[in-house]
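Handing you this structure, nothing more for now.
Which chain is which? They are A, B, C, D and E, in the order written, and residues in each are numbered from 1.
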Amino acid sequence: MTSSLPLLILISPLIGFFINGVVYPLKLKGFAKTDPNLAGYTATFFIFLSFIMSCMAFGHLVGGGENPHVTSFVFEWFNFGGLSIPFELRIDKLSGLLCLIITGIGTLIHLYSTSYMHDEECVGRYFAYLNLFCFNMLLLVMGANLPLLFFGWEGVGLCSYLLIGFWYTDTEKANAGKKAFIVNRIGDLGFLIGMFLLFRELGTLDLAQINLMLTNPEVVIKIMPSVSLICFSLFVGATGKSAQMPLYVWLPDAMAGPTPVSALIHAATMVTAGVYMIARLNPLFELTPMVMSIIAHVGAITALFAGSIAIAQTDIKKVLAYSTVSQLGFMFLACGVGAYQTAVFHLMTHAFFKALLFLGSGSVIHACSGEQDMTKMGGLKKYLPHTHFTMLIGSLAISGIPFFSGFFSKDEILYSSIALPGGVSYLFVIGVLTAMLTAFYTGRMMSLTFYGSEKMSHDVKHHLHESPFLMTFPLYVLAFLAAAGGFLGVPHLLGDYLGHMPHVLSQWLAPVVPAKHLPLVGVKLPLHEGVVMAGSSIIAIASYFAGVAVFKKITFISDAFGGLTGLQKLLNNKYYVDELYAVIVVNPLKKISAFAGGIVDKYVVDGAVNGLGRGVRAVGNSLRVIQTGDLQTYGLLMLGGVLIAILFIYKVLV
Amino acid sequence: MTNDVLIQVLAAFLFTMGMLVVLLRRDTIMVLMGIELLLNAANLSLVAFSKSNAMIEGQLQVFFVITIAAAESAIGLSILVNLYRNFGSIKTQSATTLKG
Amino acid sequence: METSCLLSWIIFTPMIFGLILLLVPTHFENSFRKIALIQTLVNAALATYLYMNFDGGNAGAQFTQMVPWLPDWGINYFVSIDGISLPLVMLTAYVGPVAILGTWPNVGPADLAHGVALKKEKFFVFCLMALQTGMYGTFLATDLFLFYFFWEVVLIPMFFLIGIWGGKERIYATVKFFLYTMVGSLLMLVAIFFLLKTSAETMGAPSADLYVLAKLSFAFDGSSLGAALKSPQTLLFLAFALAFVIKVPMVPFHTWLPDAHVQAPTVGSVFLAAVLLKLGTYGLMRIAIPLFPQAAHYFSSMFICLGVIGIIYGAFCALAQTDFKKLVAYSSVSHMGYIMVGLFAFNKIAIAGSLYQMINHGISAGGLFLVVGFLYERLHTRNLEEFGGLSKTVPLMAIAFMIMTLSSVALPGSNGFVGEFPILLGAFQVHPIYVLFAGTGVILGAVYALKAYQMVMLGPQTRTDLDHLHDLNKKEIISMVVLAVFVFGIGFFPKTFFGKSDATLEQYSNSLISKVSAQ
Amino acid sequence: MNLLETFPLNNLGPAEYLSLMPLFVLAFGAVASLLVGSHKEKGHQYAFGVSFLSLMIALFQGTYVLFAADVSILNETLIFTPFTKTISLMVTLFAIIAVVLTFGQDKKEGLLPEVYGLTLFATAGMILMMSTSHLLFMFIALEIMSLAIYVKVAMRRTSRYSAEAGLKYFILGGLASALFLYGSALVFGATGSLQLGFIHNFLASHPNPSFIFYFGLGLILTAMLFKVGAVPFHGWVPDVYQGASTSVTGFMGAAVKFTAFMAFAKIAQNMVFVENVAGLAWFEKFIWVVAAASMIYGNFVAIAQNELKRMLAFSTIAHTGYLLLGLYAMNLGEASAEAVVLYLFFYALSNLGAFAIIAQFEEKNQKDLSFDQIAGMGIKHPVLGGLMTVFLLSMAGIPLTSGFIGKYGLFASAVGAGEVPLVVIAVLTSVVSVYYYLRVIVYMFMKEQTADVAMYQGLKGAGVAALISAAATLQFGLFPRAIMSFVKMISK
Amino acid sequence: MSPVIVVLAAVSAILALTMLFARNAITSALCLLGVLISTAGIYGLIGEHLVATIQLVVYAGAIMVLFIFSIMLLNLNREETDFKNKPGVFFGAIVLGMTVFGFIIYGLNEHFMGHRQDVTAGQFTPERIAELGGNSKVLAHALFSQYYVSFEVISLALLVAVVGAVVLAKRKFD
């Protein structure tokens, strides 16, 4: 059905952006002057508004029959020479779900920010950016065609740039924002190329049409040769946005932004755009097993890689950042093996618990008056009971402790990686390893932060205080979701025991993302689903509590086992990846540009031009000598001319 | 070989000589004389041609040419005097301040 | 063919004002800018009226006016407008007031000390007006000779603008600019002679009317490179193309641009970047390609390759600069590369995209140069390393700068995307590999643009003399707002802005592609 | 049969007198101005007044009889057709401008009142030269013109530059006219006549004339090329332009060049562009080489100059090259004739104007105006600067100015005649020329004034002359249609 | 061909050569005078009496006197040591001149051998002139019947010459 609902959902944060970004400053003659509360509540109101409308849209979808969707056609964006791109928004079951997540979590985080950012200056700017981000993110998920998706895709990139660099006076933070934008751009080029290829093959960029056309065998056969290329380019785009190898480097730096930003953008929503895109185009990706396996491998490796780094970090936000990268790796693993709905499932649960964890860490940092180093915390449990409680739930959820949300989604991924034809056995092993690591570093984080001895300085200790209600309330809401969210996707095995509880999510997504049937025993690895489930949960529990226990006293494993110092160093420096990139990418670029701008352009290209000029002058000067000033020389010249004339005559005649 | 040819050859020779005088002698006055010689050679061949063609046009022109020659030499000599006043010499190579 | 004087009014209004100006005594110095502003506004109004009455459905020439000029040579004063020249005329008309407002001299003692005071104001304003006449004329001329006439006329005021009110190296820069353009255009002149001769031979009477010349066809033999180079069409095409690509400028003929830009006064740079460069691409689109399609098509890959090189090379050069203005200048080189790619892709979408890109680059580059001007007028430096953290002091300027940066990195929703996306999309259908490389420009563009923004606006404040650094004043705000409106307006509603060109573009590219594929 | 039958006395009728009238007017005017010029204090004014008056009369009278029936005097010694009358009028116009230019400069430049009379004599000689079609008569006219010019050049008697220039011009000019004479003698010997028309017919009937004809023709052309100052017969040009007083140079650059080139064209048309005379093919090659050499040499050396008059002198050599290109095209295409006339006319005007400006910036008895002297002059005297810019742009062939139209017509006709390579050379060298013309503008407007050496006392005659030329330059640059169709008509 | 003409031709040729190489200006002037006189003689011998006379009177008489006078006036009759030419220039000039001379000779030869008869002879054969009453009479009539315009115009030239001479050679500059 068509309705203006999607448009309204989209517009309302934009209005908020305008009010915060334009109206207030104009009224008050300046950005710094906006009252923080006013700005915060305005922004929250508008995002909440679109949350309400998303719910209404969602209501339309419920029982809306076979693949229901709400669309609103806004205007012709492009239309020339066969390239027709309407500005059209479509909410189907997948994007509806994501709208809910975005606006819901968005609302919570706005609320949280209102209190968290209260003492900053230019809060108006902050909330304007935040609203703008929501607008772009919604556009990303609601856009009915790839260019619109790309619009949102770039838009969120811009907002993350702006928000990471919110404290722009600090060069570090500004650089982080720049890095994020540029690395994303690299991915975006892939995205663009993918789009161009698609357009060349199919002549359209409308998502629904693409998926529709792919049901037609002739079309499939026609695009078969180039489909791998298309999917690969799109996947490159996804790696950029969703921080996969090798383009993940920007995400950890992105933690330079305010913590709520990290929660919203770099955990819950934006970074999952790649997953969304792949899930959205799953019929296309289905056609190319090769790229699928690439995706799976990249995902798995990223997961393990980032997870291992997370162990050795001391900055609480860095830990969470790397864990985000690793969780995204899980999602890509799921996509890679073909379990799209599982990926979306994990996307959702991850949104819950990772947002929760970030906000919690934000509350911790808030309490420790800006301190982010876990080695200067410890024993905060008694000072921050609410924060501790909620974060505990979050940590349990991410570690995959049974019956918390993370458990269901992660478990499904692990099992799909052996149960589905696309799966690979060793990826399953990597997955399990990562799960173990996840639980371990989460436990470590909790222990370093809340348990163990108090290591903070006195004045910090003096100021310790539980965060105000505005901050704890979102924590509790998210805690609930993180705890219970998993029951939307109960696997059949358990579902049968639990009174035939269905896998709600996969049924819901079915029209958009067809659910794969999981056999009871893995095909790649002869393991019964129950075994996997039990095993993984045991591993999770064990390593979580190991983590908690081990790090009561020490900060690094190497403190316990001296042999591991080297490894520790390696991990602590993130495998020196940034340094590597600096050597193989950044510096060469700098050199090339210096060479091009400094040498080639000045001396070669321009040198040729100026050389020509000088040459002409030189010729002129050398010709001057004929002009001796002696009239008889001129006479001789004349006589020479006469002779030339005669010679011409003679030559012609004889 | 008839008179005509002989005179023509003589004219040509005088012409060449005049040219060489103009080009080689460094005295401006000599140069002027060279020009006179050139004109004379031209007259000679003009007359001879018209004679050999049984015409009178050539002869008539010669009057004019001679007059012109007179006028020219008058101007030339006054320019020469002027030069002598300014440079104190009438060598051609003394008057080479304008060059390049 | 209905006739109207409107176009002539648009062309000559600036000149009329200029002549009136010459009569105003010099001691009214401060009122000259006002006169210039009025003139540009009048032109903008005229252009708007033109736009309103322009029939988007009609692909052919409109508002034609033909006055015999040199009928013996088949040359007439023949102006008309169609969908291709319409946007460019509008651009010129709207950039005019923006440039005047944005560079309004606010002469204070500090400025006087730095010699930015009103210097030979009358002549300055007169040059601006003459420049506009030349630009309008070039865009509206439908007669080849007239086109050439205005094409050269543009040079003279620009020559003075750079040479008299420019920076230290102004003389070198302006002479280079003049000569460089001259080399190309004189060869073009020879080609024009040849065209007239041919038209005289084939049609009995010589004619410089572009629509007539379009009917001519020149021998072209694409069997081998040698044969192609020998065939007359190629020679003519290259003669024209050289003139135009120098103006564009296409690597390796671009070195005049950075010098000219850096030395020119801000308003000069704005006109140069926004409009003058478009003369080149317009010439290619209007004359070189449609008149000699086979040759153009035969050499298209070469030009696309050079365009791509320009994109990447320009980006790298921009990255290397520490002079803000030079950076923007090189970014122009890079962005004009896209237009070259689009024009020579011989693909509907790409061609349309190039036309859009001409306008968009005009807006974004103009805006960026204005920002440079703001900073230079306030801090008297263009060295990026001497800025830093300014956005705390001048938030409005920061916003304006950000908007222009976004437009120049072609962010969706800004006009830049509207230009580059179709170009790349269209060109990709024909030359995927080239576009792959061109695409890297998207990344590099972000790199240097953000670098510039960061070095100026972000980071800690290094300067101590920022106390008298005042934010944008009303005039400057107005100018930037106008530009911003165009940036986002075009970014969101390209149809609204370019819709009237569709018919012409459709017909243009159809005939072009059919001619090429016929060969 | 007696003498009177052999030589019938053919008296002149009214028509003949009318068409000869300008000559009489000029001659008497000259004498009159010489006489009144001897007045002690007001000699200059009187002389100027008289000569200006007589020139004006000549102009109007010439215009009056412009479209009278063609007149041929004494079996085609003098032929007056609309064409010859028009070009005579053009020369008269130059003379008027030159006289106006001289007035007000004369004292500063140390010119005696006789200069006006001599200008009139020279003009008379020019008119004769353009109207005659008889080689010897042409020689006489040439001499009258040249003698007057020699004297004018050498007239700054206290200036050694002037004396030197006079000497060079005189000696080389004498050599040239001697060559001309001997050449015509040889031609006479080979064809039996000195009448150009007769020679034309002779060639048409004898497609294979003897070698001495070609030789004589070569000598005659050499003399003409010397007068128009083409490489390698150009040696005198820069030195004389520099040494002569500026007003004289202006007159020379405009009128003498114009006349000589017209005569050259006439000779070429009658003795060279003859169908089916295979032997004349050499002429094309020769002119090709000379034209190319002139363009290249003139432009390249002009770049290396640092003095204004000298630079213009070299540029005039280059322009001769362009004109030769037109002449070259003449035997291929018809359009070239008009193009050449137009180009010459426009160029002469701009040239006069430029020298008029220079004259006002010059100091007393100065050798030449160096670039440093004009630094910042355009700013100091905007009007003069603007006018100078107009002239320079016109010589550079930039639109808005007549120079562009002229160049366009010339090159277009050449291309029409199929001569592309030479045109390409011309075009490329003219880029070079643009450089040095711009250099003057740069100095005038963009350099800071070094020292106020250039003296300029108000708008004098020179200023008026400059204004006239500038007006013409712009007028013909923007609306050339009228004069073009006029020239087309009269050259039919 | 008459031997006297041959002798005169030889004499004038030799004198011309001497004139070129003589060191003393006076010598050269006298040589030139001799050349002119012998030319006059040649005129006379081929029957052009009037021309011969004018040659003698105007050229030899007036012009040469003028020359010699001014040589004396500027007392240039001192020895001229050498040509002050680089030998290259000197011989170059000589060679150039000789080449030109050679070409003329070639042309004349070709003319008198071949194309002589192309030229239609005029009516003034010696007999005709004699019948009309002699050379001078004929020329005089022709001059004043057909060439009087030229005759008048020449006066301009002379006038210019006079004025010019006066202007340039006037003693003191006012």
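Just so it is clear, contacts are C-beta pairs under 8 Å (C-beta built on N, C-alpha and C of every residue); 3 or more make two chains touch, one makes a residue touch a chain.
Here the structure is a predicted model, which means the values were calculated and not measured.
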{"item": "Partner chains shared by chain B and chain D (touch criterion as defined above)", "value": "A, E"}
{"item": "Shortest chain-hopping distance from chain D out to chain E", "value": "1"}
{"item": "Centre-most chain [mean C-alpha coordinates]", "value": "C"}
{"item": "Chain whose average C-alpha position is farthest from chain A's own", "value": "E"}
{"item": "Centre-to-centre distance between chain B and chain A (centres being mean Cα positions), rounded to whole Å", "value": "98"}
{"item": "Geometric centre distance via CA averages, chain E-chain C, whole Å", "value": "71"}
{"item": "Averaged-CA centre spacing for the pair chain C and chain A, given as whole angstrom", "value": "38"}
{"item": "Distance from chain E to chain B - Cα centre to Cα centre, in angstrom", "value": "7"}
{"item": "Contacts with 2+ other chains: residues of chain E", "value": "93, 97, 100, 103-104, 108, 119, 121-122, 138, 142, 147, 150, 154, 157, 160-161, 164, 167-168"}
{"item": "Chain C residues counted as touching two or more neighbouring chains", "value": "179"}
{"item": "Touching two or more other chains - residue numbers and ranges from chain D", "value": "136, 140, 143, 147, 150-151, 154, 157-158, 166-168, 171, 175, 179, 186, 189, 192, 211, 214-215, 238-239, 435"}
{"item": "Listing of all chain pairs that touch each other, if any do", "value": "A-B, A-C, A-D, A-E, B-D, B-E, C-D, D-E"}
{"item": "Interfacial residue positions of chain D with respect to chain B in the complex", "value": "136, 139-140, 143, 147, 150-151, 154, 157-161, 163-168, 170-171, 174-175, 177-179, 181-182, 184-186, 188-189, 192-194, 238-239, 242-243, 305, 310, 367"}
{"item": "Complex interface listing, chain B residues touching chain A", "value": "19, 22-24, 26, 31, 92-93, 95-100"}
{"item": "Parts of chain B lying in touch with chain E, wherever the complex brings them together", "value": "1-10, 12-21, 23-27, 29-30, 32-33, 36-37, 40, 43-44, 47-48, 50-51, 53-57, 59-60, 62-64, 66-75, 77-82, 84, 90-91, 93"}
{"item": "Of all residues in chain E, those that touch chain A in their complex", "value": "89, 92-93, 96-97, 99-100, 103"}
{"item": "Residues of chain C defined as touching chain D within the complex", "value": "68-73, 120, 123, 145, 148-150, 152-153, 155-156, 159-160, 163-164, 170-171, 174-175, 178-179, 182-183, 186-187, 189-190, 193-194, 196-197, 200"}
